[in-house]
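In what follows, a single structure is set out as C-alpha cells and then discussed.
Labels run A, B and C following the written order; every chain starts at residue 1.
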Amino acid sequence: MVLEVHNLQTHLHLKRGILRAVDGISLSVGEGETLGLVGESGSGKTLTGLSLLRLLPKGSGRIAEGSIKLDGQELTTLSDSAMARDIRGRRIAMIMQDPMTSLNPVFSIGDQVSNPLRNHNIAHGATLRSKVIDVLTQVRIPSAEKRLGDYPHQFSGGQRQRIVAAMAIGCTPRLLVADEPTTALDVTIQVQIIALLRQIQADTGTGIILITHDLGVAASLCHRIAVMYAGRIVETGPVRRIYKSPAHPYTQALLAAIPRLGDKRARLQAIPGQPPSLIDPPTGCRFAPRCPARMDKCAEPPPTVTLADGHEAACWKLA
Amino acid sequence: MLALQNVTKHYKTSRGTVRAVEGVSFEVRPKSTLALVGESGCGKTTIAKMILQLERPTAGAIAFEGADTATMNAAQLKNYRRQVMAVFQDPYASLNPRLRVGTIIAEPLLAHESPGRAAVEKRVAEVLDIVGLPATAARLYPHEFSGGQRQRIAIARALALRPRLMVLDEPVSALDVSIRAQVLNLLADIQLEFGLTYLIIAHDLALVEHFSNDVAVIYLGRVAEAGPTEQVFAQPRHPYTQALLAAVPQPDPDHVLNEAAAAGEIASALDPPTGCRFHPRCPLAIDICRTTTPEPRGTPHQAACHLVEA
Amino acid sequence: MSASALPARRIPWAALRRLPWLPLLVLGAVGIAAIGGEAISPHDPNGLDLSASFKPPAWQDGGSWDYPLGADNLGRDILSRIMAGCGVSVIVAFYAILFSGSIGALAGMVAGYFGGRVDAVLMRLIEIQQSVPSIALALILAAAMEPGLSTVVIVIVLTYWAWYARIIRGEIMALKGRDYIAFARTAGVSTPVIFRRHLLPNIFNTLVVLGTLQVGQVILFEASLSFLGLGIQQPDISWGLMLSDARQYITNAWWGITMPGIAIMLTCLSANVFGDWLRDRLDPQMRQL
C-alpha cells in the first residue's frame, strides 16, 4: 500500500467550538490505484486531503488522532521541516481546483515547473531544463520548449490545469492528491483532464486520491470509492459495487438524487433536510435524521459491515 | 411568449470588440421550460442579462407577448419587469445580507404596489409557505439559513408578484448534490401550480435533459443547435452537441467518455473563428466550415452545421 | 434555522475593554473644552495681563499654577487659549467632514453606479482637484473672500471631497455587481430606492471610518492655514494662530509655541488611532486606507 490512513481525526478549533471535520476515517491507496473521496461540501473530504499533507489552517486546524502511513512511514509524527523537505511536493503532490490560484502570475511557467525539481534536488542546470520540457510534454502542452518563458495568463484554462499537473508530477510522487481538479473547467475540457490523469497514472504508477463532489467524474476515473458524510466514511468499495449495488442509504439516496442523461424520470428523489453541524454532531449514525430507513438503533454508532471483498458500509440496516 | 430575433451583443473594449452574442434567435413557449446550454464564455449569461433588461442588445429584438421591449415606454417596461423575474446562481450573493428575509421577499412587491403592512406580511408568509419555509423565517437574516434554504428564499422573492416568466440562471449549481434535487423539484412544482414559463441557463446537460422541454445549445455567441429537448438529446445533429454529450461523465463506471469529440478549447469572443465558430475544434470540419457561417437548418429541431441536411 | 438558535444579543464587554481609552480621553477633553468654552476656562482667553507676560509653565522657575501652561507675550493664559482653540477645531472639523463627506459620497455613488459619461466627467474633476495645491486654492479663496472660519471650511471641503468620492466610487462599483442589486433592477425597483436600501447602508461603515480618519487631517490643515494667516483671524483663537503668534518669541518663550503644538499633535494622534481602531472593527478589508 502506498498510503494507509487509520482512524484519522482532524479538528478545527473555532470560536464557536471544536469542529470535528474529519472524525475517525480509515482508508488506503495502492500503487497505481485511484481512490475517489466523494462527498458534499462540509463532509470533510478536502480537510482529509489537507491532513495528508499536513497543510491544515494555521492555528485552528489540528490532527487530533490517528495515523497516516506513506509506504509504511508514519507522517503524523514527522517534523514540519521533514514534511516540507521529503514529503510535500516530493512524495505527495497536490492538484487543486482552481489553476489560477495554484499558479503565480508573475513567474514564467518554466520557473514554476522547475521550482519543485530544484527544491527537491531532482535536477540541476541543463538536465533541469530538459526535465521541465519532458514534464510539460508529458501533460501535452504543445511546443513546450518554446513556451517555457510564457506566463500563466498566456495559457487557456485547460492548459493551466495541465501545467499545475506538470508541477505536481515532476518529482514523480508516490501519491497525487487531486482536489476537485476539473470542477472549474467546462465539460469538453474536463474530459481532457480526466484522460490526462489516467495517462499520468499509467505512465508513473502513482496512487491518486481524487476528492470530488461529482459522482460522474468519480465513476470515470476511480478504482475504488469512499463516500463521506459529515466527517465519516459511510461506505467504501470497488467502483462497480458502489454504483451498481450501493449499500448505505446515503449512497443510495445520493445516486437517486442526481439527474442522468437518458433517464426521464418525472421527479428527482430529493434527500430531505440537510447535513448536521459538526460542532455538535448527532450521536450514532449521522445520516439518521435524513434517512428513509431509520430505526431506533440508529441512535447508537453504526457497525461497519463487510458486504463483499473490500466493500464495507457503516449502517445498522446491514448488520 | 418570449421571442428573441437575431439578438446581437458586442462590447467595445480597449483590446477590440468582444462579440459576445451574434444573431441569436429562439422562442420560449408559454408554460414550458427552455434551457440555454453552453460552456463558460459562450454568451448564455449575456443573453439572460439582455432578457432581464440589464443590458441592451447591439442589434436584434426581444419581444414579450409580441411587444418589442426596445420600444416599450416606462410604464410598459415596468409592467414587463413585473412579469419577468430572476433567480440567480449564488444564493449567498443574491440576498442582501443586511436585510431581513421578509424585507427581501417584499422588495418586488413594494416596487409595484403599495399594499398595507398586513397585506405584505400575508403575501410574504404565503410565498414562504409555497417554497417550504415557515412564516417565522421572515424575521431572520439570510446568514441564518443554509444554501438550499437561501435559494428557496430567492425563489419566494421571485414568486411574490406572481410573474409569468422566470429566468433561472444556474439555479442549483452552487448547491450541494443532495440539496439540488429539493430545489429542482420545488421549481417544477411551482411551475405547474402557477403556470410559469421558465428560461433556465445551465451547463449540466443531465439536468437540462431532465428539466426542460426545449433546449438551445450555444457556442461562442451563436445557437449551434436547438429544438425539443427529447429530440436534441436523442439525436444530436451538431458536432458540438455530440461532443458535449460525449464528454459528460456519467455516474456509471461502465460508461466510456469520448475525449476526442472536441479537441482544444473554446476560442476568444474577441477574435472568433471565421465561418462556423466551432470548426477549429470540430473533428468533421470541411473547407466550407472555415469560410461560411452555417445557417440553421431543420424545424423544429434545427442545427447550424454544413454537414446537416435540411 | 429556528429563532431559538439565534445567539442572544449580549453587551460586548470584551469589545468595550479593548476600546482605545487614551485617544478617547483626549478627544473627550477637546469636546468638553469646545462645548464649555469660556465658562470653564481658568482665564478670559483674550484677557491681557502684561504683568504675566512670558510667564513660564508652572513647573519651571518663575511659573505659577495660576498659569499652568504659562502665558504669552501679552500675558494671556495659554491653557485658556488652547481650550478656546478647541471650539474652532471642532467646528471646522464638523462642518468640513460633514460637507466633504456628503458631497464626496454623493459624487462617488453617482459616478460608481451610473458609470459611463457621468463617471468619466466626475473622475476628470477628481483628478483636476487632486492636482491643485490646496495652499494655492486657499490663497485664491482668501483673496476672493474674507479669510475666516467659513473660508477654511470651504478650502478643506474642496480639498477632501475627491478623497471620499474616489473611495466610495470604488465601493459602489464593487457593490453594483452584486446579484441582489441586479435582482432589484430587474424587478423594477426604482433607483432612489436601490440607493437607499442597498447602497447607502453598505457604504455607511466606510463613511464613518473615512470621517474619523479625516479629523486629524482637518485639524492639522486648519492649523496650517491659520498659521499662514489664511484661516482664522484675530481676535478669534485657533491653535494655528497661536503658533503663528508665538513664532517670533521661540527663543525666549519655548512654551508659547510648544503647548499649542502638543495640543495639535495629541488631538491628531488620538483621532488617527481611534479612526484606525474603528476601521479595523467595522471594516477589516479597508486596511490599505
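Criterion: a residue touches a chain if its C-beta (ideal position, glycine included) is under 8 Å from a C-beta of that chain, and two chains touch if they have at least 3 such contacts.
Small disclaimer: the values here were computed from a predicted structure and weren't measured.
Engineer: What is the touch distance from chain A to chain C, in steps?
Structural biologist: Each step joins two touching chains, and the minimum needed here is 2.
Engineer: Where centres are the averaged C-alpha coordinates, which chain has the largest centre distance to chain C?
Structural biologist: So the farthest one, by centre of C-alpha atoms, is A.
Engineer: For this structure, which two chains share the highest number of contact pairs?
Structural biologist: A-B
Engineer: So the centre of each chain is just the mean of its C-alpha atoms; given that, what is the distance between chain A and chain C in Å?
Structural biologist: Distance between chain centres, rounded to whole Å: 54 Å.
Engineer: What whole-number Å value describes the gap between the mean CA coordinates of chain A and chain B?
Structural biologist: Those two chain centres are 32 Å apart.
Engineer: Approximately how many whole Å separate the CA-defined centres of chain B and chain C?
Structural biologist: 50
Engineer: List, in ascending order, every residue of chain B touching at least 2 other chains.
Structural biologist: As it turns out, chain B has residues touching two or more other chains at 146.
Engineer: Flag every residue of chain A that touches chain B in the complex, lowest number first.
Structural biologist: Residues 40-41, 156-159, 186-192, 194-195, 213-220, 239-240, 243-244, 253-255, 257-265, 267-272, 274-275.
Engineer: Please output the residues of chain B touching chain A within their complex, sorted ascending.
Structural biologist: Touching chain A from chain B are residues 39-40, 146, 148, 176-182, 184-185, 188, 203-207, 209-211, 230, 233, 243-255, 257-259, 261-262, 265-266, 281.
Engineer: Taking the touch rule as given, give the residues of chain B at its contact with chain C in the complex, in rising order.
Structural biologist: Counting only chain B, the residues touching chain C are 52-54, 77-78, 81-82, 84-86, 88-90, 93-96, 98-99, 104, 107-108, 111-112, 136-137, 139-140, 144-146, 149, 154, 157, 161, 167.
Engineer: So in the complex, the part of chain C that touches chain B is made up of which residues?
Structural biologist: 1-3, 5-6, 178-180, 182-190, 193, 197-198, 201-202
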